[in-house]
Each structure stands twice: as structure tokens, then as C-alpha cells.
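Naming follows writing order (A, B, C and D), and every chain is counted from residue 1.
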Amino acid sequence: MVRTAQFLSDNAASVHPAVWDAMRAADEAQPPYDGDALSKELDARFSDLFGREAHALWVASGTAANCLALATMCPPHGGVVCHREAHIEMDEGGAPGFFLHGAKLLLADGEGARLTPDAVRAVVDPIRPDVHWVQPHALSVTQASEYGRAYRPGELAALGELAKARGLGFHVDGARFANAAAFLGCSAAEAAGPCDALSFGFIKNGGMGAEAIVFFDGEAAALARWRRKRAGHLQSKGRYLAAQILAMLDGDLWLANARAANAAAAEIAGACADRLLHPVEANEVFVRVSAAEREALRRQGYAFYDWGSDAARFVAAWNSRAEDASALARAIAAL
Amino acid sequence: MVRTAQFLSDNAASVHPAVWDAMRAADEAQPPYDGDALSKELDARFSDLFGREAHALWVASGTAANCLALATMCPPHGGVVCHREAHIEMDEGGAPGFFLHGAKLLLADGEGARLTPDAVRAVVDPIRPDVHWVQPHALSVTQASEYGRAYRPGELAALGELAKARGLGFHVDGARFANAAAFLGCSAAEAAGPCDALSFGFIKNGGMGAEAIVFFDGEAAALARWRRKRAGHLQSKGRYLAAQILAMLDGDLWLANARAANAAAAEIAGACADRLLHPVEANEVFVRVSAAEREALRRQGYAFYDWGSDAARFVAAWNSRAEDASALARAIAAL
Amino acid sequence: MVRTAQFLSDNAASVHPAVWDAMRAADEAQPPYDGDALSKELDARFSDLFGREAHALWVASGTAANCLALATMCPPHGGVVCHREAHIEMDEGGAPGFFLHGAKLLLADGEGARLTPDAVRAVVDPIRPDVHWVQPHALSVTQASEYGRAYRPGELAALGELAKARGLGFHVDGARFANAAAFLGCSAAEAAGPCDALSFGFIKNGGMGAEAIVFFDGEAAALARWRRKRAGHLQSKGRYLAAQILAMLDGDLWLANARAANAAAAEIAGACADRLLHPVEANEVFVRVSAAEREALRRQGYAFYDWGSDAARFVAAWNSRAEDASALARAIAAL
Amino acid sequence: MVRTAQFLSDNAASVHPAVWDAMRAADEAQPPYDGDALSKELDARFSDLFGREAHALWVASGTAANCLALATMCPPHGGVVCHREAHIEMDEGGAPGFFLHGAKLLLADGEGARLTPDAVRAVVDPIRPDVHWVQPHALSVTQASEYGRAYRPGELAALGELAKARGLGFHVDGARFANAAAFLGCSAAEAAGPCDALSFGFIKNGGMGAEAIVFFDGEAAALARWRRKRAGHLQSKGRYLAAQILAMLDGDLWLANARAANAAAAEIAGACADRLLHPVEANEVFVRVSAAEREALRRQGYAFYDWGSDAARFVAAWNSRAEDASALARAIAAL
């Protein structure tokens, strides 16, 4: 039972003990919403982590984080450039259309669900500044991407430069930001690049129900505070969300957890290098396996999502056990 | 410090131990979102509680609960009748305008922030069926009201009858539904009346971050599921929200907690019957106290909100201690 | 038949011959949308008229003019202060909620459906800068008001000063701006006050289907151009709308038409000074008449709207004939 | 000057004399909005034309017509299947996102900007009924398509059958419906197919500023009436719009005008069959011409839009003169 869920998705994994402890420690009543001492600590903590002035808001989901961030960058009549397979385009039930009041996603292509400056230009450049055409106002990339690919710091810098040159806000969807940073072995600042806002994910990485929207622009953060309340995302007992985030930052637990998940994914990938659809640069492994092979694996107790008709996606979590990963690796190798 | 927060608001109180236990017990990974066993249990549990077919969705805030419920009843071009001092009108940062895509709140008057059929008619009847005028599509009442007043079952029945006659959806904002039910001493079904949807609050009553939207109409619930995701309120580890709600339902903990809060409020009220702005029928006490008197109370360590220039609001929580309530009662009596 | 419609509303009157001529003169094909020579002339013409830099967009209705103007001033999470009986609140089918993406109208009181600085302060001042409360971002007044009352230049200056001090955009709904200006006998600039945008109405004053939104801020006008297209209000044969507006400006036809309508209204009012609900300062006359009296007037062939149970509204148009107004005046006097 | 505009776009052509006459004939005051006798005639006239019960609303633009129609079929959280190059996707400044409150366009491919059942299935079938995915609620096709291609009655029937089977509303964008019907030589009903709503264009075909939304479902029409007002598209002097439409229907002027435009396009096409990008089935001619060739044509006084780097688009209007079309044909042939 445990085993099955472990490779299905990191988004259902258990909560890390340190996160539990931090929440319990926050149990005493404090001023509601984000008036508590823990919530007030976030700005400083993220400023430290990123080495530049940061303003952080907690929310309960990555969807809310992404959409509230983008709503500070793009007006209702504007557009957001993103990858054709980005989470905001594919998997958020139309949330960007809701939070951005009908703004449009402008879809770009790119290998591994990653964008390049050329791919962005291919979308942006043909758009004449004409009222009949939706104009780009923001660029959103996913770190790590939907296929578990990490942007290198130089790649993000180039995208950020382009965004700036074109007057686009720059957003990073970091639902698995920790996994990317752990893989890259660089600083948080380098892994986030010169973005204006980062959806910093904790839920897939050992948290319970708290993500951080990290703004590097005070006005955007202030705007997002109005919008967060208006979206029903200003929880009254916000201290429990802040506690989760702070626990993850303490002693770089976020990195330790991500490293563990990445290691498990690497273990699996090592057993099937020739079957990989994408290089493994985070905690997701996309493997070419036939329907019969998937059936065989499921009979052995493994759970995972089918990925089209010829492949499967295995996701390791912070608490994936080494022995389970090894066993799965052997099972794939034995197919 | 503890004392101060206790009468400021119930929305920042600690989480009940049974709720903590239930969350911990749900820690093992399960299918994400609302695919877990606990979330799947909600419909049956609320159906039992209300004695009619119910469909329940968890969300992280009362604002989200109210707005998602109303969005199933009122189209973007419609209106929702509510009290002029209703939470959805006064305190939700424009969330109804967001979730309902610009629908309008049609404001009615009524003593104690409660509506009567006459008050609703006074708003609805003059509205001609003319495209220049926003038409009413739903009625929303608050149980208990913003002033801690409870609707009697017969009053809700009359409102429900009117709503039905006029083709209005009927919504109950039950952020403090438990307190009303505890005060009334009636069944949950009677305390909710013949509504189409109830925002059943748990956060103010010992929960952490989970409210239930209870629909008595399967189609509306199905619609709300799409809208919940789109609003970023479909949390991936939804089992922790379901666990909170189930813990509150187990052994009627929701009623026990509410009774405790109500009792503390009654203790306070008993000491200042001549100063009460409103009869105390839940866990809120509105007291006429001058600025100097408020200052005196604050010097003694009590925290509360000013209510205009001549009054204060004291709110008791599930864990308000009897001795604190008594001490506050004495302090007020001694003013 | 003709007679009946004349006092029902100015919004259905015939089109002035000069407007017809101007449209016919524009019949030759030109670049579509607002790329034609006539549309391009508007900015200069309104800049001349108002003596300050103006940017003007045509649209087909006052509702669109008001809402597109306000959408440049107020974000989706904000509020617009207006009179409780303003057209945008009462008669536009919820259009502000649509164009402003759920922003809220914040209602103020005032005699004759007119606002004063005190009335605005009474709404704005209690609003704490708190995310739970919708914040005011704009102020909208109607010149002439819903009851045909004109703001004096000094009154508009005071409102504009207050708006500026509070950081509110200042909008004037001028569906009957011409009637107000004609009554005041002042310049267009004085009649519009220090507003940021004016909905300058022509349709009720001899036009067919063209109003102008006059912006005194280039950035707001640029924003409105995106929003106009997005709202389906960028007509492809825009030259016919521009032609209407230019015809109305030529030789101050707008003032001549308004003076004629005002004169007819004054004629009516003179016959029933003791029955007037409001001083007559434009082309609307609100008269206290019983149901039986209204019936008597209707039997004589007059058409008008009932105004509640005890009154009637008579509206004169640019082409109301002096003899019809006199006859109606006599008929009322004879009641 | 005249010549240049004629092939640039039909959307800027002159108004047909019969339309002018009808507007002038409607000049006498009548009840405002759509309360006049002409507006009331529309339902019957379109019912006659299509041979089934129809409900018709006038609006001032094709964008408004398309979006108001689609808003009756697709909720804010839903999606509309359309061609990747459809006008609603490419050229309406994000209007569908506005009118549909953030609903999504789901893009399908197809030769000549036309959809086939297979192309629709390729979009619709992979969409699981899962809240993370935007669900299709409507299908929109363009008759004639963006490339001037006409759907045959059988093709529309097949698409309509698929739409019905999948529970999708079926909308036809008929900005150039007349040109398609004239080309097909079939009845209006056959040219519209089994759609639920048709945007019936008149502006490109000799009208001034009136399109009809023809609903074949009374409830949808009723809904659209609320939405039309809310979008500022309920003009007060609606009789002038109704008059335009009725004039176009009288004696099948809409077909005569479209035939004239189609004939001019055919004349041009005949001169350059080997250069055509698309078969000419309406009034648009897409011609492969180099930059130098385009320059040569422009020097001769012809105006047209570039279509990418290697082609040009010529559009004939109802009043394109035979001699101009012939001259252009000769000029192209001589390149």
C-alpha cells in the first residue's frame, strides 16, 4: 500500500516529522491571518535565502501560487507566455483564466517542456502591437519542468534578460524547485534566476498544505495580498502554513528532502537508461514501457501514472525508501 | 498573551487535540486531491448528519466555501440577496465578485444582521424582470449571524419557502453554524433549514484549515468540484482536510466545542446584561463600553475588537477557559 | 404617436439631420476600426473643446463608455464610489461588475442623486486599509444627475480635489452632459470639472449610436483601447461613429440641441412648480401626479414613465416641439 | 483612393443604399432598446429564413456576436473547441476570455482553417473528465472560414452530430455567412447546419453596424439578452440596427450583395489559379506573390494585406466594381 503510492506522485506523500513538530509548536493562539509572528518572519527568511529583498506569501496550493503571482504581472487583456505542456496550461483546470480574468496563455514549444529564448521569441515576435491581438505581459517557466528537467542558471539568466527587454514579468513555477536546486547544486538564487516571482513548492517535498509565493518586488507582493484574500486563500490560522514553510527552510530541510527524492529517482533511472524519455534531473522518471510491462509492474505492487500508451511516469518523494527504489529499478531491469 | 487572543477571535484559536490526532493518523500516503478514503467518506457522514442526501467538499476557508457555494446558484449577471452586514458583503475583500464573476450582492436590512421574509421581499419585489436590472438568483443568510444571533428553524423554513417561491437558491453561511446549533438545541438539519448549500464552519470551532461546503443537490456539488480546482482550492493532500472534518463530526465534537464556547460567552454576557447590544445566542458578545473602559480592560490584559466607538466585541472559542471568562465577566461588571 | 414618445425618453429620439448628413458624407471606404481620418480627428477636437490634452474613443452606448472609463481606474479587487441611485448602480444590468471583473460599487447618499465631498468621505473614511475590505479606487459622479440636477463647477472642483487627495480616479458620467453644460452656461471644461475621464453622451442629444469617452490621461486612453476591442466595442466601420460625434461638435450643435431640450423641460416645469420633486436643471421633469392624474394625461396622448406610485418623469429631447411642451404644461396645470 | 480600400477588407466598405433608406425610415421615435417594432420583427424573419424557430438579437460587432453566443454554451470553467486560426482565437483581442469569464479555447487543426469531425475528436477525446482539465462545452466553426473556405451542408451536419453526441453547443461564426451561402447555392438553413447559434454577419456585406445573433434555442436567446445589456451592447436606438438587418433580408439583399463580392473574387482568382493558396469559395483571395510583386501592385494603386512574407490577401466587397476586379486580375496575371 505504501509502496504503491510512493511512485504515483510526490504530491500525496507524508508530511515530514519536522513539519509536524513546527505546526504543533505554533498551536498557541496568535493574531489571525498573516498577523502572527511566524508569517511575519517569512520575508526576512526568503530575503536571506535569495540574497535579495524578498516578500513571501503562503498559500495552500501551487495552483493558487502560480495564478496569484501571474495576476500581478498580466492584466485581464494580456497574455502569459508558457510552454505548451506547462502545468498552468495543462493541469490547473483553467485557473489562470479565472485568476487573471480571462488573460490568455501564449504557448511556446521546447524540448523537455523547457523554453529557450528562441522559443519565446518565436511566440512573441510575430505579435504586432495591435488591439486585435493579445499582447504578452509575462513569461512563466517551470523549474524543474513538467518532464523533470532543470534550467541551468545561465539559461534562466538568458530568459530573464529577454523578458526584461520585452517588458515581460518573469515567473518561475517552482512546484519542484527544491528538486531542481538539489540537482543543480547551485544556490537558491541561481536556481530561481532573475525572476520577479517564484512559486516555491513545499507540499510535494514534505509539507502539508503550504507553498510560498516569493516576490522580488514589493509592489507586486502588496497587490497579491489583496488578491489572495479575494480568492479565499487568506487562511485565518495562517501560522500553521508559515510554520510549515519555516520548518522546511530550517537547516535547509527543503534541500535534504529534495536530494533524497532525487537520489531515489536516479536509482530507478540507472536501471533503465535506455528506456528513458527524458534525462532525469529531478525526482521524476519517464520510462518507455509497454502496456504489458506496465501491467507486470503493477502486479508486483508498483503504482505510477501511464504516460501516453507507451510509457510510464515514476515520481520519487522525500520519503521514498532506498530499498523500494532499488527494487523498482530491478523490476524494470528485469522486464 | 494567551488570554488576550482568546477573546479577540475564535478564528485564531488552537487546534483541538482530536483534530491533531486525526491528521496524524492520515499521514500515510493515499491518492491525492479528494481521491483518498477520508474525503470519500464525507458525503455519507453529512448525509447521516442532515438526514438527507448530502455532497460535501472541503476547502481551506469560509470565504472559499461561501463563494463556491454561491457560484453554483447565481450566474455572473445575477444577484445574491444578503444582509447589509453579511460577511460576504463586508469582510471578504470582494471575493463574491471574484468567484461569481461580477455578480452583485443585493442588500437587505434586518435586526441583528438577520433577514426576514419581509426584508427579502423588500429587496426582491421591486426588481422588474428587465435587462437593465440585476435579477436575484440566490439568498444567503448567516447562521449564526454577524451579531451572534441564531435563526430559529421556523424562520429558516419561512425563508426557504420564499426562496423557493421566487426561484432563488438558498445558501447558509455557517461559519459559526455549530454555535447556532448548540444554542438552538435542535438537529443539524433544523439549524440549517431547507437550504441548498451550507458552508459548515470548523476552523473557528477547533479545526485547523478545513471547512465543508455541504450541498443538498448533487449537480451543484459536481459543479463546485470544477470550480474548486479552478480556484486553487483543491489541495493535493486533501486527506488532511477531510481528517479534520471527520474528527469534528466524530462523537459530535463540533457540538461539544461549540457548547463550550457558547458557555464562556454566556458567562461574560451574564455579567453585563444591561450593556449588551445584542442577545447572546452563540459565542459572540457585543458590549457597550466606552473608550476609557476598553482601555481599562486592555490594561488588565484582555484583547478584543473595538466595535465602533462605543462598544467592543468579545468572542469565546472552543478552548476559552471558564476562569478566564469569569474573570472577564467580573472585570466588566467592575467597570 | 410621435407626441407620446417625446416625453418618454430622450434616448429614443430621432437623429439630428446634421448627424445624418455627416454619416452619409463618411460613406466612402476608409481604413477600418479607428484608422479612418474622422476617428483620428477626435483627440484634437476634444482637446480644443476642453482646453487640455484629451484622448477620445467612440463607443456605442453610455454603459460601455462608463464601464470602459472606470476599468482604467479601478482594479478587479477595488471599489468605485458612486451615488446609490447612479445609473451604473441601478440601470446597467451589472455591467460595471462585468467590465471591472467583479469590482464593487461603494454607495453614497446625497440629495438629488448628487454627491458632496462629505458624502464621499462618509463612505471612504471608515474603510481601513485592510485586505478584508474592498478599497476605493475611483469616484464616479453623474452630470446631470439621475434627477436632472447639475453640479456647479465649484462642486466638481471640490470633489476632484477630494478624489486626488484620496488617490481616487475621477469619472464623470455625462450621458446628459450637454444638458448640464447648457443649463450651467459655463465652458465644457468647467462643466466636466477636473475629472480624469468623461463619458460624453451624444445619443440622447441627437446622435444615433455614438458616445465619446474623453480621457485626460493618455495612458488610461491607451488602456481603454485594448479593453474596447476586447469588449466587442471596436466597430469596424468606426468612421460612422466618429462622424456623428464630429457633427455634434461642429458649431456647438451639442449645446444647441441641449438648450432646446432644456427649454422644453423648463416650459413644462413652469406649469407645475409646486409639483416638482426636483429643481429642473436639465431636460428631465419629475412631477408629483397621482395615478388618476397620470391616467388622465395618458388619455390625452402623453407618454412618460411612472416614477414610483405618486410621480411621473417627463423627458424632453432635442427635437421636442415647443407646442407639445406647452400643451403638456397646460395639461398638467389643468389637472 | 476608392480602389485601394476595396481589396483591403470588406469590413470598411460603404453602406448599401437600401440600408441607408431603411435607417432613415426608422427615424421616428419608438420605444428604446429592442422595444421597437423593427426589433420585434426579427425573430419571425429569421424563423422564416431558417425554417425553424429562431430568436435574433442585434449587436454592433461580430466579436460581440460570437462571444455572446458562446457565453450561452460554455461556463467560465469550460472550453470551446475551435480552429487554431479561428477569428475568436486570433483576432478578437481576447474577447472570448472576457465574455466567457476565463473559459479556454481548445485549438484544433484542419486544412483551410476548417474543422472536421476527426480534428474535433483529436482535441476532445484525450480530455479525461477530470477537474484538472478544462472540459469542452462548445464547438465553434467559421462559415466561410478564415481562408474563405465554405463548409458543405453535409460537413456541418457531421460536425453537428458530433457536437450533439459529445454534449457540445454548436456555434457558427458567420461573419461572412452570406458569402458562404452564396457560394454553396443552398438554403440558409443548409449553410448554417444544425447549429445552436449563428453569428450572422451583415457589416462586411453592406451593413453599417449591425450583426444578428440567431439562436435556435429560446433559453439561450433569453440568457444572451441579459448578457448583451451587461456588455453595453444593448443600444438605446436599437431600431436603427434592426432596420439594417431587415433591409438586408428584404428581397435577399444579403445574398445579392454576397454574390457580387464573390463574383469579383472569382474574377481575381481566375487570373492567378496557379498562385492561389486556397480555393476561392467566398470573397477572399489568397495569392502567392513575392514582396517585389506586392510592391508592384501597390504602385499601381491596389491595397491589400500582406499574408506572411510570400502572399497577399485580396478581399472583395459587395460594391467591388467589376472593372476594378478585372483590372486587378490583369495586373496579377501580368506580374
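Everything below uses one rule, namely that contacts are C-beta pairs under 8 Å (C-beta built on N, C-alpha and C of every residue); 3 or more make two chains touch, one makes a residue touch a chain.
This structure is a prediction, so every number in the text was calculated from the model and none was measured.
Enquirer: Centre to centre, using CA atoms, which chain is the farthest one from chain C?
Expert: Of all chains, A has its centre farthest from that of chain C.
Enquirer: How many angstrom lie between the CA centroids of chain C and chain D, rounded to a whole number?
Expert: 33
Enquirer: Centre to centre, by mean C-alpha position, how many angstrom separate chain B and chain D?
Expert: Using C-alpha averages as centres, the distance is 50 Å.
Enquirer: State, to the nearest whole Å, the distance from the C-alpha centre of chain B to the C-alpha centre of chain C.
Expert: The computed centroid separation for chain B versus chain C comes out at 42 Å.
Enquirer: Note the residues in chain C that touch 2 or more other chains, in rising order.
Expert: Touching at least two other chains: 76-77, 92-94, 97-98, 101, 131-132, 226, 229-230, 234.
Enquirer: Select the category (line, ring, star, complete, other) that matches the graph of chains linked by touching.
Expert: Topology of the interface graph: complete, with all chain pairs in contact.
Enquirer: Please name which positions on chain D make contact with chain B in the complex.
Expert: Touching chain B: residues 33, 75-77, 101, 131-132, 135, 225-230, 234 of chain D.
Enquirer: Write out the stretch or stretches of chain A touching chain B in their complex.
Expert: It comes out as residues 1-2, 5-6, 8-9, 11-15, 20, 24, 27-32, 36, 59-65, 67-68, 92-95, 97-99, 203-204, 208-209, 226, 229-237, 240-241, 317.
Enquirer: Would you mind writing out the residues of chain C in touch with chain B in their complex?
Expert: For chain C paired with chain B, touching residues are 76-79, 90-94, 96-98, 100-104, 131-134.
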